[in-house]
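The two complexes that follow have chain A in common; it is paired with chain B in the first and with chain C in the second.
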Partner chain A sequence: MSPATTLYRGHEGMWMWVVHRTTGVAIFFFLLVHVLDTALVRVSPEAYNEVIGSYKTPLYAIVEAGLVAAISLHALNGLRVIAVDRSTWALRHQKQLVWWVWIGFAILMLGFLPRHLMHAFGGA
Partner chain B sequence: MTATADAPAEVGAIPSMTVTLKILRFDPDGLDGREPGSEYWEEFQVEAHATDRVLDALHKIKWDQDGSLAFRRSCAHGVCGSDAMRINARNRLACKTLLKDLNPARPITVEPLKGLPVEKDLIVDMEPFFASYREIMPFLMTSGPTPERERLQSPEDRAKFDDTTKCILCAACTTSCPVFWTDGQYFGPQAIVGAHRFIFDSRDEGEWDRLEILNDKAGVWKCRTAFNCTEACPRGIEVTKAISEVKKALTTGEV
Partner chain C sequence: MMSTAPELKSPRRPVSHSTLGRAQRWSWIFQRVSGVILIVLIFTHLFVNLWSGDGINQIDFAFVAGKLANPFWQWFDFLMLTLAMIHGANGMRMIIEDYAHTPWLKATLHWALRISTVVIIVLGTLVLFTFDPCPADAPASLLPSLCEDI
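Coming up: the complex of A and B.
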């Protein structure tokens, strides 16, 4: 039994590493499920239709929004990591680039979410 | 002009205050009825000046309150690299951290470095850290006869590795690295800094021996550019930049 130690107080770089890891693992599990549900068509087309049909429910619409969020964040931060690896300027301005990642993410989600939620809940 | 004697002694006096230090202790022997190997937080109140350092506060505890408190320090001036520890959840040198910079109104937490085995209180076993450093062969490697005079180098060539010569092996960078916490096999930022210092030295000929060692899966490719090392370095070394330059040397094949 050891007492709780403090959480290391890292800066933007460390938290973006956490975000990158978390979204990466989430995307991996999505791909796993995606391979399985697509492979289902070989087993039985009816079962495939049923599974894909359940993705049209509101619950899955929210999960789908989370998936788009995870992929956009992972992609934008991936560009930041590439930039940091390739240029000294980016390396020295990596914190500023973190904010650009979040701004880009906000723009993508603002474009995507209204349309997506209208489809899911607007009944259109 | 007569000098007036009523100028009180407080001119320039530094205000003193009471600070609380919350220290994560580890008792390997089990003194005072504790289980051997028990770990616990202990709080100490210290009278200190705003200009005192965390090391001064630790000294006051050790000298006046609890002699069993164990920590390393040697020069006490930020050169020897003995007193790196986790202060308020960040790696710093206790001798270079002023109390006034830490919000002394709240308890200051002091913990041993993370990722290395704790021996007692704030003392960790540095051997795994030094082992990584030895692995990258931190010494001049040359071929041919030793010259009569010193090996000359242009200021431009010297500037290439100037940053990484500042390292004092305090382990603040390596033990701030999230990759090192979870994977003890990783060489860690310090060993890469140590290698960088020789890889980019024009007088040294062992660069490819070192680059080959760092090309390992526990080498530079484990770096995830979290920048904790760069921010923790008490010498202001751009550690992530040094790691990046080693990666670049490996991908381009040019030093």
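Coming up: the complex of A and C.
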């Protein structure tokens, strides 16, 4: 059976759209959990410290890195979407702008990851 | 081999902002305006809490209480909470519209989204503004340094 005819072209813009949706959904569910865990400051210092303590484990350090990555990508691509909506130049160069999103993302992660991983694993 | 997609012809009816309808237009504008503000708020939040100082290791009750004792951070967090929840819920609403085609499923998801959004905004706001950084019955070692003066 051949795949159904599709309008998807599989180019940069489409993949960035997929990235924007998946990171958006992931960030939304994290936000729900994050408000609930922070709400524990209203219960007691002990309750908050115990739950936030589990965020300082190696597994969660990786999850947090993924979260910062998701936020960075969603933020930079959001700016690209606004630019493409507002300017004909950006519309004409939207594919090129996808690569600028990835470059900006790489720069942000280079600034964040080493420091975060040192905090999480180096005890610094 | 993937079949070739048909060439796109121009839409028969041109899509303009005025055909989107008032609610859709506001949703569209809100998503963009709140997005830009959220970039500033969330990157500041991440920089202060996760990058500066001891990063993830510094986060405990004393750290959060020390911040939330300051009205600046209370209002900062309130703005971040409400904008992020509405921005996120608006995005989720569009995703439900795109993928949930059965009427009962669509209705259930929309209501679940509305209820959880209101609950989280109300809960978060109550915590931010009714919070006591120096609870009387807590051990002093867990409290921010500002509690020593009281």
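Heads up, the rule we're going with is that the second predicted complex is superposed on the first by the 114 of 124 C-alpha atoms of A that agree within 3 Å, B and C clash if a C-alpha of one lies under 4 Å from a C-alpha of the other, contacts with A are read in each partner's own complex, and residues count from 1 in each chain.
Keep in mind that, in the parts below, contacts are C-beta pairs under 8 Å (C-beta built on N, C-alpha and C of every residue); 3 or more make two chains touch, one makes a residue touch a chain.
Computed from a prediction, not measured in an experiment: that's the story for all the values here.
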Item to check | First, second, both or neither for A:V84, with chain B first and chain C second | outcome: first
Next on the checklist: Quick check for you: in the superposed arrangement, does A:F121 touch first (chain B), second (chain C), both or neither?
Outcome noted: neither
Next on the checklist: Once the two complexes are aligned on chain A, which partner has more residues of chain A within touching range, chain B or chain C?
Outcome noted: C
Next on the checklist: A:H11 in the overlay: touching chain B, chain C, both, or neither? Say first, second, both or neither.
Outcome noted: first
Item to check | Partner chain(s) touched by A:Q94 [first = chain B, second = chain C, both, neither] | outcome: first
Next on the checklist: From the superposed pair, tell me which chain A residues show up as contacts to chain B and also as contacts to chain C.
Outcome noted: 2-3, 5-9, 81, 85
Checklist entry - For the complex, which residues does chain A have touching chain B? => result 2-3, 5-14, 16-18, 20, 81, 84-85, 88, 91-92, 94
Next on the checklist: Can you tell me which positions in chain A touch chain C when the two form their complex?
Outcome noted: 2-3, 5-9, 21, 24-25, 27-28, 31-32, 35-36, 38-39, 41-42, 44-46, 48-49, 52, 55-56, 61, 64, 68, 71, 75, 78-79, 81-82, 85, 112, 115-116, 119-120, 123-124
Item to check | Residues of chain C touching chain A in the complex | outcome: 2-3, 5-6, 8, 32, 35-36, 38-39, 42-43, 46, 50-51, 54-57, 59-62, 64-65, 68, 81, 84-85, 88-89, 91-92, 95, 116, 120, 123-124, 126-127, 130-131, 135, 138-139, 142-143
Checklist entry - Contact residues on chain B for chain A in the complex? => result 24, 39-41, 86, 88-90, 109, 111, 114, 176, 178, 224-228, 231, 238, 240-241, 244, 247
